[in-house]
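What follows is chain A paired twice: with chain B in the first complex and chain C in the second.
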Partner chain A sequence: MGQGILRYLRMYAQLGQYTLAREMSFRGNFLVKVSVEVIWLGILLAFYATVFGMTNTIAEWNRPQYLFFVGAFFTLNGIIETFFLENCNDFAELVRTGDLDFLLLKPIDEQFLITCRRIDWGTAPNLLMGGGVMVVSLYQMGWPFDLVRLLTFLVTFGCGIAIAYCFMLLLTALSVWMIRNQSLMEMWWLFSSLARYPKEIFKGTWAQPIGIFFTFVMPILLVVNVPANAMVRALEPSMVVFTLVSTVLLFWLSRRFFLHALRSYRSASS
Partner chain B sequence: MPIIEAEGLTKTYRVFQKKEGLLGSLRGLYRREYKDVRAVDDISFSIEPGEMVAFLGPNGAGKTTTLKMLSGLIYPTSGEASVLGFVPSLRADAFRRRFALVMGQKNQLWWDLPAADSFQLNREIYSIPAPEFQKTLNELTELLGVEKLTRQAVRELSLGERMKMELIAALLHQPQLLLLDEPTIGLDVVAQVAIQKCLRDYHTRRGVTMLLTSHYMRDVEALCDRVLVIAHGRLVHDGPLSGIVERFGHAKLVKLEFADGVAPDDLGRFGEVTRREGPSADLKVERSRVAEVLGAILDRHAVADVSVQDPPLEQLIARVFEEGRRSHDAA
Partner chain C sequence: MTPPDTLVEPEAPAAQAPGVVGRGPIVTTRKYVKIFRASLGERMAYRGDFLLGTVLRFLPMVTTILLWQAIFKSSGRSNLNRFTYNETIAYLLLTHISRMFSSMPGLAGGIAREIREGTLKRYLIQPVDLIGYLISYRAAHKVAYIVTSFLPYALLFFVCRNFFDTFPDPATLAGYAASLILAFLVGFFFEASVGMVGFWFLEVTSLLYIVMTLTFFISGQMLPLDLLPAPWSSFLKLLPFQYMAYFPAVVFLGKVKGTELVIGLLAELFWAVFFMIVARTLYRVGLRRYSAYGG
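Then we have the complex of A and B:
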């Protein structure tokens, strides 16, 4: 077991090294990507600074708390984009061209090789920027160190990443039947748009059922809300447990669905 | 015990039938028509360890589909296969460690990186101990004469060089079974010969079992003793290459050079004249009548030179394919 994990870690390190070497050989592209992400974060922060110039809270979150939420979202989004998004997005093309053949022939877990084989280093600085925003917000609110909250945050944040990954895997698996799956990016945009806001914004006759649906049925709202809430607002054990259970269930379901999809792979003609 | 056993292997695809034009496309959005296509139809054969077998057939005959079923990439609709003692479609790691598939039209190496980096990644994936990896790599690069090219980005290599690197990547883990799908496609004669030589040498050294598809008869003649001919998804011949000549080569080609300086006019009575130029003439004669015809010609005319040949293998194979098509259409 330990040997197996070590083997996968070594492989992942090697894949990371190769993708970095590849990215560096296209320096211009790398710099443009990083600049776009910096500008995007700048726009987000400027927008929220403007909003908080007019009000003290957004959906019950005060300024530093909201800043922490934005930082957590930016980090999570950065992790997904850096480690998984490009791989999942490439999957439809692998199916269409039949290049998936070579990945399926390797004596290694297919899900690992398909979803983790490339690291998009151009979006990796998002992790640092998001982390920086979180640290600044904690400093601004004078956050008293609390080990329980910190550990809860780390665990639920990990769950948030896993939930986001599982949703992406479910969408990716559809490519086996759809062949062209440009909708994956649109679906991911919808996912990240939902995850970007506190769940408290879903109030009122129309919005509340949507909030409930995306919390308890399709638990997209858990991914940033629960960890950020646990860290800088109220620690709700029931929501933490629900997040853990949702993660395990989604992981099981998405993996089964993905492996089932691979059984339907037709392999394009050579 | 056979290394490959296929019993009634069948693969049927459901193919969407798109109607012509924009209206047809719109109709396809709500009502789709499908057709079942039998890519492989009830194929049975077995291959013993160490054999080098060619899989021949026209485009769309089902060769690649069969290779893909044997390698576990696609699931058979019916029938069974056992490869190296495993059921391929289960794709067990232990199974995937023991064979390799090389596809001439596809690239498994990292395009923007040197082949050496892809080799290192394969070392990790197949858990090859470092000394063994280095030894095999040295052996293969030397065999293919590409020692100095492994640090060059794959996209900067020629097609022939790239194919050699593909072959190295496939052989690094020392597979017991090598499945090759058109390994020399698009290559010039020099590169084709180099690949053939490498495969032959590697087979001699390691005794690896090979199943090869190719459109180049030169590959087949150079490498394989046994051929499986598939047409329209059905196996129409399984036996030695010479068996094709015996079974389908009903006629022989008699090449004549007449001493009088001009080929006589009465040759048509002995067989079909396929060429006639000055003193030379080619005559297609029934295999069983060759001796009799030669005797008759030599009795009547002064012949300076004579040779009897089998028709080119390509022609015979084309005939096998044609017979396969006819029996398929008749069925």
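Then we have the complex of A and C:
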């Protein structure tokens, strides 16, 4: 077991090195990608500043708390984009062309190889930028250092990444049946819009059930809300436990579904 | 994560120029009508896929409505810079209609690819003009897109009808229709101009990403430009990008009326002609440098 994990870690490091070398041979392209992300963060912050120029709170989140939320969302999305999005996006094309055969033949776990084989270094600086935004917001609110909160944040943020990854894996697996899929990038953008704002905005007769559904049935709302809430607002142990349980369940479920999808793959090329 | 380029409609596949020969106005018209019909058929082949995509596209709309509801409730004000809550939501719904007309996914990238791969030469040896061909092709795709997404959008607007306080009078509606058609032209010629840059830089994808990301904000798709702080709102209203989302929406809401409306439409027309000249000029000058790679 330990040997196996070590082998995968070594392999991942090699893949990371290889993709970094590739990225660095197109430095201009890398710089453009980074500047697009900087512009996008600028837009998000401009939106934030404009809105908070007109109000002091949004759905019970005050200015620095909301800024922390924005930073956490930006970081989480940066992680998903850097490590998984491009790989999952390519999956539909691998199925359509039949090139998936080559990956399935390798003596490596299929899920690992398909979802982790490339690292998109162009979005890696997002982690630093998002982290920076979070630190600035903590400074603005005069956050008193609290180890329990910090640890809870780190653990639930990790769970958030895992939950987001599992949902993306479920969406990816669908491409086995839907050959001419809408691009996964677009589907992901639309789907992740649910996690982009505090869950307290889901209020009112029709919105509350939607909020409950996406918290407890399809728990995409937990992804940024629980860690950000634990760090800068209220620490709710029940939600933290629920997040841990959902992560394990979703991971198991999405893996089962993905392997089931692979069994339905009919190798178009041969 | 930046909004994907294809957010409004799926990317159009690479254009295939048919070999149609002939001269004279009637033959010419028939030629472009044929391109229109073939492209329309191609588009309708994937209507199920289309419908699914359109339905998915409403998710962000739900969260946006909820976010603005929270913003208005927390601010305790009934209007922000002359936009009421209802008007803000109506505005954001209407920008979807604007983008339906003005967004051109894959256009600039397609032109740049034709230049890079050398397939552009078919427009030079066949009696079909590149820009004329592309505009008929796009128009067909727009018609197909609008027809297939009519039902979901009609349903959306029906569900959200309470956000619309009044229905515009005929004059406003006429102005709205004109602003949308001009939005199509501004969007088309702007993107075509960006694509023509491919004559000088073989790879324009990266440039496109920057342009797309910026356009998303400065065209007013995220919030009404009037809500931005003082110098920015007036500055952004001087740029052509506002016609791709903001302007048609505020025309529909009756915020631009009378002389102001006429001036706005004339300015929009100016930008459409401006970008048409830019695209044509870049094409003509670019062709001189073009070396038709790919044998």
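Basically, the second predicted complex is superposed on the first by the 268 of 270 C-alpha atoms of A that agree within 3 Å, B and C clash if a C-alpha of one lies under 4 Å from a C-alpha of the other, contacts with A are read in each partner's own complex, and residues count from 1 in each chain.
Here is the rule we go by: a contact is a pair of C-beta atoms (placed from the backbone, for glycine too) under 8 Å apart; a residue touches a chain by one contact, two chains touch by 3 or more.
Just so we're clear, the structure is a prediction, and the values are computed from it rather than from any experiment.
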When chain B and chain C are modelled together on chain A, clash or fit: fit
First, second, both or neither for A:266, with chain B first and chain C second: first
Which partner reaches more residues of chain A (counting touched residues only), chain B or chain C: C
Which of chain B and chain C A:194 touches, first, second, both or neither: second
First, second, both or neither for A:158, with chain B first and chain C second: neither
Contacts of A:43 with chain B and chain C, given as first, second, both or neither: second
First, second, both or neither for A:81, with chain B first and chain C second: second
Where chain B and chain C come nearest after superposition, their Cα distance in Å: 5
Doubly contacted residues of chain A, that is, touched by chain B and again by chain C: none
Chain B-facing residues of chain A, complex: 7, 10-11, 14-15, 18, 21-22, 25, 98-99, 101-102, 104-108, 110, 263, 265-267, 269-270
Contact footprint of chain A on chain B as seen in their complex: 13, 64, 68, 71-75, 91, 93-97, 100-101, 103-108, 110, 112-113, 117, 120-121, 124-127, 181-182
Residues on chain A engaged by chain C in the complex (per definition of touch): 28-29, 32-33, 35-37, 39-40, 43, 46-47, 50-51, 53-59, 77-78, 80-81, 85, 123, 180, 182-183, 185-187, 189-194, 196-198, 200-204, 207, 210
In the complex with chain A, residue positions of chain C that touch it: 1-4, 6-7, 10, 46, 49, 52-53, 56-57, 59-60, 62-63, 66-67, 69-71, 73-77, 80-81, 203, 206-207, 209-210, 213-214, 216-217, 222-223, 227-229
